[in-house]
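As written, the chain order gives the labels A, B and C, with residue 1 at the start of each chain.
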Amino acid sequence: MIWNPNKECMSRDEMSALQGKRLHKIVEYVYHNVPFYRNKLQELDIRPDDIQTIEDIKKLPFTTKKDLRDNYPFGLQAAPQSEIIRVHASSGTTGNPTIVGYTRKDIGVWSECMARCLTAYGVTRNDIFSVAYGYGLFTGGLGAHYGVEHLGASVIPAGTGNTEKHLKLIRDLGITGLACTPSYALYLAETMDKLGIRKEDIKLRVGAFGAEPWTENMRKEIEERLGLKGYNIYGLSEVMGPSVSYECQIQHGSHICEDHFYPEIINPTTLEPLPAGQTGELVFTTLTKEGMPVLRYRTRDLCSLMPGTCDCGRTSVRMGRIEGRSDDMLIIRGINVFPSQVESVVLSMPEFAPRYMLVVDRVNNLDTLQVQVEIRQEFFTGVFDTPAAVDQLEKKLAAKLKSVLSIAAKVQLKAPNTIERSQGKSAHVIDKRKL
Amino acid sequence: MSKETNSSALVHSTPRPSREGQGGESAFFNPEVETLSRAEIEALQLERLQQTVRHCMNNEFYRKKFAEMGITPDDIKSLADVRKLPFTTKQDLRDTYPFGMSCVPLRDCVRLHSSSGTTGNPTVILHTQKDLDEWANQVARNLWMVGLRPDDVFQNSSGYGMFTGGLGFQYGAERLGMLTVPAAAGNSLRQIKFIKDFGTTAIHAIPSYVTRLYEVMQQEGVDPRRDTKLKVLAIGAEPHSEEQRKRIEQMMGVKAYNSFGMSEMCGPGVGFECPEQNGLHFWEDYYIVEIVDPETLEPVPDGEIGELVLTTLCREAMPLLRYRTRDLTRVLGRTCPCGRNHIRLDRMRGRSDDMIVLRGVNIFPIQIEKILMQFPEVGTNYLITLVTEDNNDQMIVEVELNEATDDYGKLKGLEQELRHRLGDEILLKPIVRIVAKGTLPVSEGKAVRVVDKRKVFE
Amino acid sequence: MTVHQLSIFIENRSGTLIKVLEALKQAGIQIIASTIADTAEYGIYRLICSEPMRACEELKKANVAVALSDVFAIEIDDQPGRAADAVKTFSEAGISIAYMYSFLLRGKGILVFRTDDNGKAASVITANNLKSISESDLSGLA
């Protein structure tokens, strides 16, 4: 089934024409409403009227996470505050998160894209669909939630955690659809084994898995153990949230909602566009967004694009699996984490030496993050003669880390000069997960 | 489609307030219903009660109950006839788990909320799209009533997911048109950062969390009067006294309005204080309010404390007749200087069962007992203590260790496992203390299992 | 009336304890009594030694997280029940003992402990004629 054949199966010529028209409009819109973009365009001597076709996109400047950080919190917002009805936040590279505002129309477009995605998976209004992404500032929960309601299926806002109760509901309510991270799906399977629930006891048939990289082997394992068909869903809050792209029944790449989000692949070093099929950094331009449109946003995700009509009938371009990152961002339990965020917290506390290490692991299919820091000798005073006193220090750091990272990290205090100094990109990260 | 004819009869329009011209300066979100006279309210209630009872005939549970009691929808001729109807209890919801209380086909439902717990059957609440729209309207009506407008920035510091405080306020605040920040519960440092950075003007949180926020603000050198744009607080989902409210208002320098809701009705939005702050208006176009003696189930006169019983008037998916909330309160009046003639109830005064409300979460001691029984390392005696530590309400669960050990790491591990499992069960993590054998009261007959040291009731 | 105790942060992995002990050996410091309060990941190694000030300096030089804490050390007869009697004296005065350890020295029992109120504990010791060990006694012992 196809939710919106007019858009999802549009001929290439019509799509290009629509994209060109929308690109012109969005450039004009940000030129008049976002000083940051007006300045950038003026520096490059570009007027909105210079942008007429989708090919003209190459003239436009890139937007980076740093631009979002420099304009925190609302500097890139194009719509007036009274029109913004929702804010989501994702990880920034240091202390400030990345803030994205949505108008009522943006939420509508998002729900529409989610409905396209769910329909491609074969979900209908007769399904009972459980959303087990985190709710709140993270886009996963509310994004999928509004989409399921928009489609007309019954949504169970399960959220994360409380796995046993969730499984009980999956069994007792005959839940047929599930949205969560792939690692959480495996954790569910694990818990099912523990509780003696067999896959024959449940009715799950469709899974929307995303927010973290996963492999074909993981897909096979999830499908085998939960008895469902697992589909990839992709998105990022800077562009919208989940459903920027989604797999169809053919499962050969994820279809991008390209009437709303225009994709490019560039060489991350030279920033030159790469021809179709080559792997490079994925870049998105939002074509219809009102709250916080972005021009050529560098996602830092590495993948390739696949043009051509899909066997499912959709003509929209597909993106391949994410093959890596062009920066040091980690994805832990679906949440983006930058080592520099940890650094900003450690540096703000004089009790610790400015040295740290992130140790990431996957235990029972759940990602764990441990942050090792060194106690600074000068701050180790007589009050620390009991483990309870040291515990307090540990808790203080853990609370600060949580406020910046949005996920809980296990703090491990180390004696002075015990964390190895190493150089290079992974100087502060040990990732023990096998992906 | 024939089944849906009844439900569509329940549909009533909830027009948005007029925003043209003066930018929405009306004091009312739904002026036409908020300002009805008592007679008009009661006429509307009777009409909707009759529709609701007819709609209940779509459901086997109600059909059987009506047959047992020998009543038919035609017996509801006046509003007083509501007393002919059977009571509904939480046990009924559990017995009919999961979908036995539904009055519409499942395909017409778009949302499900469920109470906490894996022990026994949870309660399941279903919503149609129409139910969600009405719910959002109630919340928007409340927030508008206390002066919030589309230019405001609303930070919702309530738990999301199955807990209705999150999604309920999210949809309501978005309906009103405010910038809504789904901050969710916890992480005080980030909450404060957002309050400052986003220019947050209104917060919804449980009262104990507001106190906690203030405390962290002080530690961080943030003065809510000087450094924030706050003007309104919505507090609820947890019992609190008038003194506690006043303290919160003094700390934060803004008005704090009491909110009442329960997932069985929809969630937050059922009742809310107006600017007079003299009781909560319960929306009588949506509910029939009764106060009964919890023993005799007979109505008590206005002003006397009894158990709150609610009948839904606009619900499609799961109408509830005379639902026993177990909350104790009293009627303060049926008119108000604010211009709303919807009934005013006192803040909740306690419970008629052993349910604990902690940080907005409802907990029954039996849930804790069942988890503890699964650990052979600990004995069968336990004690739940509720305390306020650092302005933070906490639950301490003490259990006895069966065999002594010198392995501190192992003890710590057991403590963490208990904390984790209990957290999964009751949705918030208690402090677990493993104590030596023989230190807790022995369970003989009715042992005291819960000690509440919080200072919430006057 | 109190003595200096070294409180040392050590991680729960092999090699950390020996690092501390080696440093003390190099400096010629004698350990009189010690105990470890452990958690799953680290421990606080408490010790009474000769020349605590110098020991502290030497450990700092060896990059050890170490601090000095004031604790009481009282002498009791080496007979059943004397420890209970001594602790009872403090308990009856409303003083809490945070931690305690003990050792035998020249036929006498020594109780080392930290309280939540050192001033009050000192007056209890005086009032009850308890024999407390001083810093100079310690260096004499070593």
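Definition applied: contacts are C-beta pairs under 8 Å (C-beta built on N, C-alpha and C of every residue); 3 or more make two chains touch, one makes a residue touch a chain.
Note that the structure is a prediction, hence the values are computed from the model and not measured.
Enquirer: Among the chains here, which has the CA centroid at the largest distance from subunit B's centroid?
Expert: C
Enquirer: Does A-B or B-C have more contacting C-beta pairs?
Expert: Result: the pair with more contacts is A-B.
Enquirer: State, to the nearest whole Å, the distance from the C-alpha centre of subunit B to the C-alpha centre of subunit C.
Expert: The computed centroid separation for subunit B versus subunit C comes out at 54 Å.
Enquirer: So, what's the distance in Å between the C-alpha centres of subunit B and subunit A?
Expert: Averaging C-alpha atoms per chain gives centres 32 Å apart.
Enquirer: What residues in subunit C touch two or more of the other chains?
Expert: Counting only residues that touch two or more other chains, subunit C contributes 38-39.
Enquirer: Going by the contact rule set out above, which residues of subunit B touch subunit C in the complex?
Expert: These residues of subunit B touch subunit C: 408-409, 412-413.
Enquirer: Enumerate the contact residues on subunit A facing subunit C in the complex.
Expert: 375, 377, 380-387, 390-391, 412-418
Enquirer: For the complex, which residues does subunit C have touching subunit B?
Expert: 38-40
Enquirer: What does subunit B use to touch subunit A in their complex?
Expert: My answer: residues 97-99, 106-107, 109-114, 116-118, 121-122, 124, 126, 129, 132, 150-151, 153, 160-162, 166-167, 170, 173-174, 177-184, 187-190, 193-194, 197-198, 423-425, 427.
Enquirer: Flag every residue of subunit C that touches subunit A in the complex, lowest number first.
Expert: On the subunit C side, the touching residues are 5, 7, 9-11, 16, 37-39, 41-44, 46, 60, 63-70, 98-99, 114.
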